[in-house]
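Labels run A, B, C, D, E and F following the written order; every chain starts at residue 1.
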Amino acid sequence: MAVKSFRGGAHPPERKDRTSGLPIEYLRGAKSVVIPVNQHFGAPLQPLVKVGDQVKRGQKIADADGRMTVPVHASVAGVVKKIEPRTQSNNVDGPCIVVEADGSDGVDFLAPLDGFACTKDEALARIREAGIVGMGGAGFPAHVKLAPSKPIALVIANGAECEPYLTIDERVMIERPGDLVEGVALTMKIVGAPKGVIAVEENKAHAVAGLEKAVAEKGRGFDIEVQLLKTKYPQGGEKMLISAVTGKEVPSGGLPMDVGCVVQNIGTLVAMVEAFREGKPLIERGLTISGAACASPKNVVVPIGTLVSDLVAEGKVEVTEAELGRVIFGGPMMGTAVPHYAIPVQKNTSGVLLVSKKEAEHYVEHSCIRCGRCMRACSCRLSPALLNQALVAGDWEDAEKIGLLDCVECGTCSYVCPARIQLVQRFRVGKQLLRAKKQKEAQNACK
Amino acid sequence: MMKDIVKLGLILAAFAAAACVGLAFVNQATEGQIAINQEKQLNESLKGLFPEAEKFNDITKELTLADPAVKLEAAYLVERGGAPLGIAAKASGNSYGGVTTVLVGLGLDRRIAGVRVLDTKDTPGLGANAAVPTYFVDKTSKTTFPGQFTGKALSDPFVVKEDIAAITASTITSKAITKIIKASADAAGARLEAIAMAPPAPADAAGGK
Amino acid sequence: MPANNLLLSSSPHAFAPATTRKIMLAVIIALLPATGYGIYLYGLPALILVIATVAASVASELLFRAAIKAPRSVGDLSAIVTGLLLALILPPSTPIWMAVLGAVFSIVVAKEFFGGLGANPFNPALIGRAFLLMSFPAAITTWHKPLQGIVDAATTATPLNLVKQGASLADVAAQVGAGDVGGLYWQLFLGNRSGSIGESSILLVSIGGLFLLGLGVIQWIVPVAVLGTTALFSWALGMDPLFSLLSGGVVFGAFFMATDYSTSPLTPLGKAIYGAGIGLLIALIRKLGGFPEGVTYAILVMNMLSPFLDKLRVKKYGYVAPKKPAKTAAPAKEAAK
Amino acid sequence: MMTILITLGFSALLAFVLGALLGFFREKFKVERDPLVDAVRGALPGANCGGCGYPGCDGYAEAVAARRAGPNLCSAGGSKTAEAVAALVGVAANAEDLVSVLLCSGTKEKALDKGAYVGIPTCRGAKLSTGSTKACAWGCQGFGDCVAVCKFDALAMGDDGLPKVDYAKCTGCGMCAEECPQKLFAIVPKSRKGSVVLCSNRNVVKANVMKACKAGCIKCEACVKICPEACIAMVNGIPVTDYAKCTSCGKCVEKCPTKCYALLETDVMGKKKVAVNA
Amino acid sequence: MKRLWNIFKAGIIYENPLLMLMIGLCSALAVTTNVQNGVGMGLAMTFVMLFSEVIISIFRKVIPNSARMPIFIIVIAAFTTIIDLVMKAYFPELSKSMGVFIPLIVVNCIIMGRVEAFASKEKVLDCVADSLGMGLGYTWVLVGIAAFRELLGNGTVAGLQVMPAGFEPILFFILPPGGFLVFALFISLNIWLKGRMQKAAAKSAAKAEEVAA
Amino acid sequence: MTKIFIIALLINNVVLMRFLALCSYVGMTSDVGQSVGMGFAVTFVTVLATAVTWPLQTFVLAPLGLGFLQILVFILVIASLVQLVEFYLKKNVPGLYAAMGIYLPLITTNCAILAVTFENISNGYNFIESIVYSVGVSLGYLLAMVLLAGVRDRIKNSPIPAFLKGTPILFAATSLIAIAFMGFSGLVK
């Protein structure tokens, strides 16, 4: 099998060995959960319950109209205690529904549905009703992604898991290859793609045999292939993955469907299968809890809304408090550093890293020495050093020309920078401002 | 409209005429002095080469230089009491930093009576030392770079770093100036030949020294 | 339970091990063999010169930054690199005070005036050498025979000087006592010849350069382009290409000067053109120019062009050629309606 | 004498040609343009030296008239020209002078930090990657984006971590209000009198506010209750004064338990010097 | 009288054409390899400026606005020619060493600027003060730069050996790059001084305000 | 001919080695495009001015003994020429005017142009040589402008010490550019 990859990138230390051999633990007995109302990329939702209401597990508790919305479901059965702003994993205070488990075992799942037999609209409606979003990062509504306006030739299951520390996708591939393959097949069916690829980085090559076996057994005759990729960050970025697997590049400002691809996260695929087979909405997810300040690193599946602090209090996760230097929701390259760990696990939380003070070492920003490492590492082949210069100077025209809006914020440039320049952060701010600026200009033009 | 233009034109004309006429007067007042200056300057440098000279006849048109890279600026037949003493030639050529102008005197004995570097655009402190009277290529005898040519015969080789001492770290300048000197001296020699002036008795030859 | 001592940073939360300081340290290590050999060739005076130049560089950076109340930066070791580079491209007989003056000029005028490390548009060490060459042309063009001490009797011309004065390679070989031309090549490669302190041993300079290439501190494009085009254009202008590479400071310049981060272009195409330009200028200056050696000025001239060469960027991921205005104008009109 | 005669003839010819050309140009050059450009152009020296960075005096005059350039760029003309140009383009005085008021009292001591922020030292960058570096999500980040954007040198970071407005210099242009990622600046008429709450925290949970900031509005509504004119109402979790009714009696200021209430005319605009040094 | 003095003073320091206004730079750098040239150039400039300003000021009421530029040029060119001829006649050496820069006074922005901004509006006496101030302001900077460059680049000032015999001249300073650098340093010194003066002024103003408060 | 050109362009560069045209050099290099426009405008006018002034001197002023009117006549001719060109471009070639015409007013006082016309005469160049020389000088000006614009672009965000910000650093940069240009000396003999 030819090992493929993309241009650029870097090799941060993997640190996956701490959890890669540990089977997934199912920790479903949360005493209370804090469920953020808005967990997807799109318009905000309205709570459907009020304080004091009794809710069942799987009951829809928030929803809204509109294409870019995905409902939220109660992940435990119990009583709604509060609806108030709480800090979410993106560091923003947002409305959360606090549900306290009351020991009742009420379940309110959807009716099972055969995804291979129903119509496309039915399938998409099911995916939306089950509250499924992209579980890798941004939380993009899955039903929108699976209804592309262009023909799709290829479905890629994103098994790259290029972020250091994280191993949950690897565990899913090893422990549930059948569900994963079924998910790929289901996606192919929905988007009408003739081919599917499960892309796996070389450091997870031991999962390949199982996957290939599952393809033969559970593939339902769909053309699904397992593809090995070189271990390199940010292979799991949608654009990089597409160019690694197909050699095609998503055009600037375009979407994967522009090159006939749909990329799905491993967790999302499995959740989709459950939503059809069991009618189970997205109320729990797998994630890796690791980091040097975590004495008991593990791969777990927990109800959405579980506070990490509760896991610690219950002794399911051990934290060396004296060592703790930084808490990261997500991976170390693209995750968010949060001020404490009393923060709920969300639909898009792929890991929680309790990083030690030593690992959390940070550096003062020095001046750029123009070594060009960032340019060689940039997965989008931009010129981060020049882009940074343009942004510092406020030269928006130049910044746009260099490709500010093409930046995928993978963080590789900041990672390799010997002067420790906060390139990505500046690009993020820049993108925000540039978009605002362009919007304003467009408005003025209309006037 | 037309009237406006005429008025403008008249005012302008008045200013221009006044200015130009004023200038004409200043020019008349200074013209003589400038000419004297130029002549004095030339005389001084020529006299430096031929101290006993009395009269300089412009023979620029009668000299031809063999080397196309060297340009003859002027040439004079130097006389005393009607008898010629030699030829002085002012020539220029490219050197390190641009055009360098040199004045060369050739005595009737076909030996160089003297050399003056009149103008050089070479690097100060290096090539430009050719024109500095306190820069010596030979510190013991206090010989300047142009000074070392005095007394050299036309038949000498004129090769830098052999019979010609170079200015430190300025071989190019040294070579360029030597080339100009050699070319103009050769032309002057040929002219002396042409007007059939035999070299006088060797006893007088030291006059240039 | 807010614990407000945790670090809140923007992603990524991890960094590669390379730092500015480590990179500079690698350059210093790469320069050590050539430095050591230079000291072996010219003895104590060369050692003193190296120490004085490095000390002057560090001191002037410290003092200047203190004077303008800028944060101290000698910790990045770049001043040491500049000082060392400057010492290695000076003749061993350079008076100490001149070398110190050159170092101060390098650091203060060429580097700190423009904002310090990474901001200087010209290579500081080369500016320092050009400054000295311009100011004290005689002293900076006086060369000594190796292994004979810095004494008047040992002054000589470099092989390039000899060639500039019209000597043939066989003459040069005889002059340096190498026998035939083949022996001359070998002697030049090993470095037993007159010249600047650090440039003479092609072998040791190359080892240093390959060390940097191996560590990924420098990229291969610039050295290869410089060396290749120098040989090519030397040959085209009727000079011996191998001699052109082995004599003077071409190899030293190609590995240590032309690759200077701050003053060379960032993009691969820019780097290639930059290197080729240096090679062309070296050959032109050596053949036609006023100096026997042209590496310093060739690199400085190309330094000026690197802001422009930086514009030759690689096509970004998913690059789409800008649409023709007619196409974009139509939907805009529709939107306006 | 001959020379002088020739000179006379020549100069007459020259002047005639010039005069004709000039008239010709004047006629042909009648291009409609902003009279202000001509006025400014008239005030400039006409040296066309390019020192201003614009192509010639005409270019600069156009830039000034279009308000793209300041009046003080002409170095050849010096200060006199600058004054003249400034007088010509003088921006029409606003009907009402506006000033900018910072609606946050979360000084370093009073407002808790959420964590140890590391990253680019701008408010926008900090907000983007941490939500807010302060435990209060609405509070001033304190990196001075507003100071950097102020064109009138009217803002400065105080030692307490909050920007201070110099009301003598502030023109109420609103740049700071636009730049502040927390939207903490209110642009108010300089003549306005009355009370204002110097807090923007809209967290409805009183305990959370108290935990985050000692100077935050804790939604006790004491101000609403005490106001004799009934001019204060809670809007979106923050008390808002109706200035049509407010008599600036100061009772709410006295009553406020966290001292985040202030009177605009005295407490805010009146103590600029003290505030900067505090 | 005080007014005239102030006008005069402005040109020397506060509105110094070279340091503050940064115009008329070409000649300032080209001729400053030694002090004699600096003095010569400065005086030539002052001469042209003085007479041009005076003449323009005298005729300022009869010069039609639309013809002012050609007239200014004519006047300035006339005086430039005069100084050029006079120098050729009486200071041939100086004239030679300054070469084309004497005729180029005609396009010096300082003169054009002052004539337009000042002389075409002000009285004759004011113009005398202004032109002398500007001229001297120009001259002293020229001489300052020239002295610095000559001292370091040649070891002499105004042709007199100043540095000890063992001093090795730093040729850089009399070469073009040195001219640019020395000028850069002069301007920066001036900017620095200006900053300090402003700071001091602001401080005293603040103090006064405090006292008043 | 090549010699005249190379010397004017590189070795005796009008800005870097001869300090001419510094006002516009500093003023018009904040942007590369601007400096190119200015450079070409200067080239155009210099050649035009040479083409007019050289015959004027050779066939009118010199024979009439009016050499002393050189300064006055040349500056007036150049000034009028610039006006004429500006007018012509504005009316007939608006595209070129937009690209170049806006720089024309600056050119009147560009001392490089006047210097070239004087030097054509004092160096004794014939007509063709004069044209070549004027092209060389003005392209040298363009080159210097573009190079400084490049350096300016490069250093615009650098933490330059406060006392050097603005004009001083431009001259310091020019100094270093001039140092690099010293490398061209002697390239043509």
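Quick note on the criterion: a contact is a pair of C-beta atoms (placed from the backbone, for glycine too) under 8 Å apart; a residue touches a chain by one contact, two chains touch by 3 or more.
Since we're looking at a predicted model, the values are computed, not measured.
Any chain touching subunit A that also touches subunit C appears here: D, F. The chains that touch subunit B as well as subunit D are C, E, F. Here the chain-to-chain distance from subunit D to subunit F, counted in touching steps, is 1. In terms of the distance between Cα centroids, subunit B is separated most widely from A. Chain pairs A-D and E-F differ in how many C-beta pairs are in contact, and the one with more is E-F. Separation between the centroids of subunit B and subunit E, computed from CA atoms only, is 35 Å. In whole angstrom, the spacing between the mean C-alpha positions of subunit C and subunit D is 48. Inter-chain spacing, taken between the CA centroids of subunit A and subunit B, is 86 Å. Averaging Cα coordinates per chain places subunit B and subunit C 45 Å apart. In subunit B, the positions touching at least two other chains are 8, 12, 15-16, 19-20, 23-24, 26-27, 96, 123, 125-126, 172. Looking at subunit E, residues 22-23, 66-67, 69-70, 74, 77-78, 81, 85, 109, 112, 171, 175, 177, 181 sit in touch with two or more other chains. Counting partners per residue, subunit F has 23, 26, 68-69, 72, 76, 108-109, 159, 162-164, 169, 172, 175-176, 179, 182, 185-186, 188-189 as the residues that reach two or more other chains.
By the definition given earlier, chain contacts exist for A-C, A-D, A-F, B-C, B-D, B-E, B-F, C-D, C-E, C-F, D-E, D-F, E-F. Those residues of subunit A whose C-beta lies close enough to touch subunit F in the complex are 367, 389, 392-393. Those residues of subunit B whose C-beta lies close enough to touch subunit F in the complex are 19-20, 23-24, 26-27, 94-98, 121, 123, 172, 176. On the side of subunit F, the complex with subunit A involves touching residues 156-157, 159. Residues 114-115, 118-120, 122, 124-125, 128-132, 135, 137, 203-205 of subunit D are the ones touching subunit A in the complex. Residue ranges on subunit E touching subunit B, taken from their complex, read 33, 62-64, 66-67, 70-71, 74-75, 77-78, 81-82, 85-86, 88-90, 92, 153, 169, 171, 174-175.
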